[in-house]
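Paired with chain B in one complex and with chain C in the other, chain A is shared by the two complexes that follow.
After this line comes the complex of A and B, so read on.
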């Protein structure tokens, strides 16, 4: 962003500071405007269908948004470094199948050893997700392959793994205890998905604001050369970003698997989930050019998309028309965002 | 030019190695791989050169080559088109619906029916292409997000029109004498594909438009400063890309005999990008030759056909394709870096 010619050193620092301040103001504006739009949208839907604002539905929206929030966070980890992760969807499918297989394989016929099985399922799922991240990260950071191509490759690989491991059929008989821990249980009346989303959100916020890794990812995204010159181990951090994205996607997949109660080879559904996760992050204000973003952005974006599709469902908009609306809203939202910035 | 030519390792001490790379530089890696696959397959599996199989491969590669050439044009200007698969589906639905409607009103006017259908199909490509181009060039929205939006819009419209059910009622002449016909023993599709590739090669080498597209992708600012109307040319690139996708959609529909909103899809889009990139087009823009991209479409089609004949599990094929894609680009990148250092 700092495009000033450094005539004099203090001048350059001043203009850089100026740019940072402008950037911050810009982000603040995005964050101020979107909630208003979100509220207007909610009220609009409520005018057509009062049930939209019922407590039950709002709780439902929150629960649904927590999945998309986790996936948007995963996507944000790499988008702030100027990348993205196309393999997220099929990674989710593969993790769902592999962890469900582990769970059903380890639980004895009499239902003993559930705790061990759940732990192993969690480990296998997160491990595979992280492994996909390692592959993406190595290919992007060390081989310098464009993230699009690298994650397109791993998209294919994960799709192959998911359908080979499951033979294309859902893996049933996931133990109830697993569903309880990751889906149906409650703590103080709050559903588990919301709790996980909140914990992950807070952890990621701390990671991005307090740790060297988090701060460095922003620098790598906004100015890779500067990051390199500053002596940051950019390759290692980049890889870490992809590993984090893979592991977060895997955790989201475990949450979804608990909800469906089976390992689904189509859980991540081609590019749909990838598209929605990127859209959520970008609508919320994460820039595809890297260096700009925040946990709040992912949250607002996820809420935005969830409220939109929930509202359209309640107002009984045809599923195909919903798709068209989603596409138009995506372009519109990003256009408005650009418009505000210039 | 094409990435394969850059994989040579100049300045290496081993003389024989250098000779080998020289030879490869002259021909390129892709043709060698292609010939190798064909030779090995012909020895291993006699069915490979059976007439039905050859015709089948030719047809498949024609469909892909046309879309990949369009994708390459967009890649050259530094863009990306995720919507090509959806445009194929939309074209198929709209064309079949139009033919059905005209055929219903005027059963005698077969010529008009076919003409109207094709025009409506191409109109879809024109419309989506203009939308993509305008959003990217005028509104400066990231091509990834724009075409993700139009992907959803086009898919939604296609499904809405057909309800996901195949549309019959196209004139028999169109299907039997064009879509499934052989001219001099070769599918009609192949002639169309050869024509398209020839025209794109001509466009790239002999026209101002072609040269400007390279210039814009190579250095947008330099092109603008030199007085190139970049906005207009970028829109033209997107329109050409979508219209070529439409052409492929028309051919596939004529071959299938019905309009289907599930045609093309994400797989075709991913394949088109893979073909363009393996054919040497760079995602950074400015590089790409139609003849190499067409060759790489043939290579990909032969490869998947060979794997089918060898009875390699279709899921395993996905994994292999993913690895080949990443490897091709990684080798390309490594070659470039070697050359810069050497």
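After this line comes the complex of A and C, so read on.
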């Protein structure tokens, strides 16, 4: 062994770990360059299909992203506390059905009482969403059940509620006024979904940076034991995070219901919306290990996923292949998160 | 693969051509390592002879961890040469490092909580026959290593069930499982008891005799005196001096380390015991880590609690703060009885607890200093009104406290993760200054922090006590408790076995009371039976 030449041994085993290290560095850079990556992706699709960059399509992307942004914000509320919400998708379905039933039930034959009906529909929808959140929060914070199992349970409960209330059929005849308020109307030429997303985004940004609740959610997610030792009412705040997530999901559901014009028992599509919302939040930089994130992360993540699916649609990627791609993106996002801070 | 790594350490040493390679096992020259924004190591030279204990000494942030991480292959140096056993090594990985006989034991454990001791020892190098794990062979080898180390460790226990001290033993056993030529020990005794420590030292002697080179990081003067052949002092990423340990004095080392003259480590505290701040009677915790303890702490004095690791002293103050469920006993804080204590209630009554494990229980590492410092005070009107944060007021208040604690650099927006041990402790202590606190409970306040920061922590305690606060100081460092306290309770096996004050406060008396304690606890048990 003594006469071995004085160079480093082993490129085989060494290079594997070296490569990981290089990869980590590169990934951290990608994070900062995410807007650039987004732009490149857009240009890439545009090269294959010029319509991607048309004004109409960009406006469409923005509108589409509004929904996902709201759902990603919902998801972020719990992800920063080291949790996540699998019940988001079926919660959306149940809210859609319940609020549509309320709307159609209260509107008279001649279309009178629309204002009252819309108000009641809004209340029922948000109320149910918040209730799901209360349930999730109590189970996670007080019974100390793992968020995966807790929200998997409520996923099924919401699915049951949605199917039972609707008999598995869409609820038609949602009043036009409702669709106008939550979808087709405009303010100063800006479409309503974008307006709602912006308002919610600003409200959540303020919540996270300016309120004791927002601050505490980050602290709890960063180190739950330390938060407890510092006297924070961790269980109450944790519950609040799930309630917020449920209510935001419900609002997103109302926006979607207004777009389809009917209450859809499969609006949230089981786990598709859950996957997209988690992927959006995580790609943007919300860490699944808690304590790190921001509204801007949810925004850029939502844009990323939307541009991706919109581009795939326009270049006519097969729908099933799109599902595979989105699944891979979710896994990729979690891989990114694992490497981002090590 | 390097063939030398497979042979036993001793044999390798004998066959190594001493003439050409020189008596150096490791020779680092001009090592420089930059991290974003800092030069962690600046042209540092370091060498290690076979059969030598070389102590690395320096404040936190001086570059010790960076240096041992480079040696262990965690990350590469940016510049400089790394010669191991006579050959230049480049792009070393942790895995390769182990293969060529470099075994690090870091302070942060790398154990899997849900696996057993044996499974952890062989993690990533499981022994198999025909593709199946040879559980029996692995268990046998594990038992051998543990027995050789003289550790009281059950190989089948899950890591999760073990105390920190026992986890430390597993780490050490893990490092010694394969053939070792260069052993790195990063503050290995921080959580060991006296007897475990002495076993570790015996082991170090044995390894030294076998020609293993040992790099030993420690702040503890007694250990350094006992073990070191040579000492290398680092400061701010630069090599200050490498010196023979013969005839080195403590003050000399501290001066080299801090770059300033330090006359006394412990400040003279002017104790003026007054009102009773804390009165505990017949306290027993639900898990019986504390049994039937009576305890009094007064305003204006430091009340020490001494004892070995695991004696229940830490659990005592945790119970007082509301972190351990009680099964019996009463607690009064400034004359007011406390029931169903929670951290929230304690903080409201002016009680603040500083946990010993800052990473696990103290700090939200991914959040900035400001948020960590104000964490326990978000209910105060100064920090939030109607649950809306008052950012300007918060920033001003925290900046003031951080300046008072001399946190360096004083940028309160830095993420805590990037701070050194001493600075992290200051962020923790800041929490006690954000609200009106009358009773401070310190749990091992100087574990893992450098001498400079230690002195500042002591200085803060002095200020607090002289301003009329009550302080309870729990520490496994005997000199610390004895020098700073006005009175000392000695705990042993969940009981208070002695209360010492004045001239009685000596190390001998504390140690003697352990033995007497053993006897009286046995007597009590027999009487009960």
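Simple rule for what comes next: the second predicted complex is superposed on the first by the 297 of 342 C-alpha atoms of A that agree within 3 Å, B and C clash if a C-alpha of one lies under 4 Å from a C-alpha of the other, contacts with A are read in each partner's own complex, and residues count from 1 in each chain.
One rule holds in what follows: a residue touches a chain if its C-beta (ideal position, glycine included) is under 8 Å from a C-beta of that chain, and two chains touch if they have at least 3 such contacts.
Please read all numbers here as calculations on a predicted model, not as lab measurements.
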item: Contacts of A:213 with chain B and chain C, given as first, second, both or neither; value: second
item: Partner chain(s) touched by A:291 [first = chain B, second = chain C, both, neither]; value: second
item: Which of chain B and chain C A:229 touches, first, second, both or neither; value: second
item: Footprint overlap on chain A, where chain B in one structure and chain C in the other make contact; value: none
item: Residues of chain A that touch chain B when the two form their complex; value: 84, 139, 143-146, 148-150, 152-157, 159-161, 163-164, 270-271, 275, 278-279, 282, 288-289, 318, 320-324, 326-328, 330-331, 334-335, 338
item: List of chain C residues in touch with chain A within their complex; value: 1-4, 15-17, 20-21, 75, 86-96, 323, 342-344, 346-347, 353, 355, 360-367, 371-372, 375-376, 378-379, 384, 387-389, 391, 431
item: Residues of chain A touching chain C in the complex; value: 1-2, 4-10, 13-14, 17-18, 21, 209-213, 215-216, 218-219, 222-223, 225-233, 287, 290-292, 341
item: Residue numbers on chain B that touch chain A, as the complex places them; value: 80, 82, 135, 139-142, 144-146, 148-153, 155-157, 159-160, 265-266, 270, 273-274, 277, 283-284, 313, 315-319, 321-323, 325-326, 329-330, 333-334, 337
